[in-house]
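Once you scroll down, you'll see the structures, which are given as structure tokens.
Both complexes below contain chain A, partnered by chain B and then by chain C.
Showing the complex of A and B:
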């Protein structure tokens, strides 16, 4: 059946229109927020393989993509989804994928290649329980994996989101960070954020003065290599140890140089704090609510949230820790954020209490009660742990 | 509808993922129960994520007298993406006596799952399918999108304006929703069954929305559900 001309014209116009005009207040799940952000950011193709709790990123992308002339490839598994994302980027496409848990493990090989070839891949991770299949629901147990999962030095950028607004903002930002600095970039969410519903503002990046980084093909460029342009000499294999050392040393130096431009964090009321709650992702929301409740009770509590887990805001945390009497690290994992915190604070003497709940959510009430418990237990010199 | 007909109500709530189907279905079942109808049966027809929607509320709703047909964790093997079995008792739900309210979960694949249920004999078929719409969800964000969406569902019997921004709701989005859904309903030749509104807005919104559709006030249960 042929489509009437008027209808065809209407469909074509819709395809050309911007997915979002200006700024719009909406109510949606976190997964949808990612799909809309990728569209708004001008992503051209998603490669994906289904896994809970990220499925609706794919579902919404596949519903939306044809309306705006975008593409989708469902691959046979996550190994392929990771490598095809690398392939899309090599061809100059603003490409991305999304995964969770075991899928995140399978993508480590391709993302290591992205580190080696300096490919601006973007991966959205909605953490589920681990190890292995564990739960399809929630955890913060993919922190170490996402930051350092490859057989290399973790030359990646990892943003940890706390809300649907974050998922939208940082998905857009991830494309720009990746293409500007050419390190693989991750947005680390979780199953709660994926499925939860809340309001947020979605927008056309241009309406907020955000300019999208230009994308360029890494292979098949015009002109004679070495004459008209530098050769696209992309290597993920080297002949000698010395050769590899030289390349990696260069990458590490570059990563360290750009880190201060990339690092993001939130710090609130730490100047006079007797205890500073340190948390990332959705647990940071509970921590912030706990800090407000504690302040209302007259307890001088402060808040530190790393937004970039890699590179980690080490200097900023040290500064906050120096004036605090105690830190409390809370996470839905058995000490993955804690490792980053301890590394950042090496040499400092502030005691670190912990609230570690692998695979389980943490509420504001639990945290404020725990702080009250820590305060009443004066004999606990090590700081306390749970 | 006569009281006898209400007592045999068979309704299915469908809609876009996260449009508010479960909340509307729960409130409708409780309302039917309060009118004195027995039994009132609430059916969880979510095959993709059957463990995270009504399940956490099952005990509470049953304590209030509603019969809830939904999987319980102990009776299943596998969770999440592996749990895609139709509960046998659900298959026959539409042949039961009494009021039956079906929450057709997971809107992306949504309405097709109704085909899995055994239907009563043709002359006794009374199932009404209502589409829950929240215009703050961009997939159903304007008249054209609502019309496209509802047409894709096939035969349905009415629309429900459930437009809101969650905890950040303001009357403006409820009013705008009423206008968009009413316009879409006209184009589709369908009635607007209700505008559904959190009961905290009872004073501001009143018994009829800005387009004259009846308002059905909701008590919020879903914030306590899993997802």
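Showing the complex of A and C:
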């Protein structure tokens, strides 16, 4: 409690110092860019547990955080990392954690509580291979888990990043979305993005006109509870079906209402497209490059990338699909994005071809070759699948 | 004229009578805790966390900010809050299943890290909310729904010794004790010392309270009291198992020994 004045001043200065002044061009790994983004966003505490390929988020955070008066706690497992993150948020702090694979599974319990208590938790997921331990390298197999994990309705917001710039931008945005709407928010990356280096711009959000949402403590506000104010009594358990139905119906209605404000997507050259490539995350980059290559060859290819997987840009995809002769869904999973696409397009008749590579990376060349193959094989009425 | 019973100031009168079964020990543990909070004058700073199981029924018990969490997860939630807001007095309240089984890793590691939180655990020898199954604290030969012929120690081991385990792994500045709802004055004293340890930012504090569950024990008042006072203490020694080094020197007690008061 009694801190010497000099030390206190130094601590205050650290807290006030801006991690990034203005805008800076850098060359770094995705994990490093997440740590910088969290710092720039004013995150105050990270709770974490080691798992590859997200470890360096913690490594950079533990090196950078003390310089800016921020905290870190290494927990005993991901169950604890998730629940301590809930605790940090309950205390009114921009708290976050990062995980992957089996760790993502363990975090679903705490994120289910975050959904029920409407806690603005932020989780960075760097996908690795699955199921089980699988690989430490890469996949897009945590799409369903991150969107719909937990014993509930998937009332959460999931941004799928496809570059280091995305990781930086959407980590900052995740804190704002979470605190504005109070749904647990995820940034879904992968091992390639985590471990590769590439160029990006890191910045102070203020330099880009981004205002950080205010944080408010759920517990521990000033005043005597029961005298000056009502005590916060937060529970996730209910006595009757009717009680629960009322709560969840309210949450769902609110989620649906705000979804149009949150939904983000990218769409390119779909108006005249004979085939629209649909992909998210890093595979979307391969799809984008394939579309460029195909256009150069005179093939009318288009591109659709959901940036938010939850809520999903269903209307926007339907619009793009209505003018297309065919869709090609490509992902490093056995149809997890495909399920979201099929649900969004229910009732539409456009054929859907697939390029599914669970746990393996996908290149632009593979995709453009596959599109050429599909075009030459006109008898394939199902649309073709791999 | 309505006579309002004498309740701790920290209690929330609007939610009384409480939701626990008749004869349950939780109300008594929470009474001792309420009085401890009153006497230390920290109500305004308390953040109370309760677990799953019967302990969750305390979610609106106090005039204090409260979070009801998941089974075994109250320790990390309170840890997370305390790390982010060290000026709060964070109390994690749970049962024996929450602390010694499903949340054992959290208790062990919070104790090892010497987290400046207070964990209070009610030990009633069974999983009560789910209908009376074997708990880590079920006594040898004791009948439960999952040990209908009695707990066989060859198959399922011996009752967990919580405060002793905590004392063995936690820091020198931690506090660990076992009280009982059969001796509320002593239990309140332990709870005060545990909270004091957090208030003075010394380290982890842990209090197990032997508690009664007549509903699942299927006992009348006399047998309930006998089980609580005579049978349970044969396996669970009442007393302080660890007192912070500074305090230990003052009172000249050695660590690791049960010191009755």
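The rule is short, and it goes like this: the second predicted complex is superposed on the first by the 360 of 386 C-alpha atoms of A that agree within 3 Å, B and C clash if a C-alpha of one lies under 4 Å from a C-alpha of the other, contacts with A are read in each partner's own complex, and residues count from 1 in each chain.
In this section, a contact is a pair of C-beta atoms (placed from the backbone, for glycine too) under 8 Å apart; a residue touches a chain by one contact, two chains touch by 3 or more.
Given the structure is predicted, the values throughout are model-derived calculations rather than measurements.
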Joint occupancy of chain A by chain B and chain C, clash or fit: fit
Which of chain B and chain C A:240 touches, first, second, both or neither: neither
Touching partner for A:217 - first (chain B), second (chain C), both, neither: second
First, second, both or neither for A:376, with chain B first and chain C second: neither
Touched partner set for A:197, first chain B, second chain C, both or neither: first
Angle at the Cα centre of chain A, taken between the Cα centres of chain B and chain C once the superposition is applied, in steps of 10 degrees: 100
Which of chain B and chain C A:83 touches, first, second, both or neither: second
First, second, both or neither for A:136, with chain B first and chain C second: first
Contacts of A:28 with chain B and chain C, given as first, second, both or neither: first
Which of chain B and chain C A:93 touches, first, second, both or neither: second
Dominant toucher of chain A (residue count), chain B or chain C: C
Superposed arrangement (fit on chain A Cα atoms) - minimum chain B/chain C Cα distance in Å: 22
Contacting residues of chain C [partner chain A, same complex]: 12, 43-45, 47, 52, 56, 59-60, 62-70, 73, 76-85, 88, 105-106, 108-109, 201
Chain B contact footprint on chain A (complex, rising order): 20, 24-29, 32, 36, 50-52, 56, 59-60, 63, 135-137, 195-199, 202
Residue ranges of chain A touching chain C (in the complex, touch as defined): 1, 44-45, 47, 71, 73, 75-77, 79-80, 83-88, 90-93, 95, 109-110, 113, 117, 217-221, 223-227, 231-237
Contact footprint of chain A on chain B as seen in their complex: 17-18, 49, 52, 79-81, 108, 134, 136-139, 141, 164-168, 173, 226-227
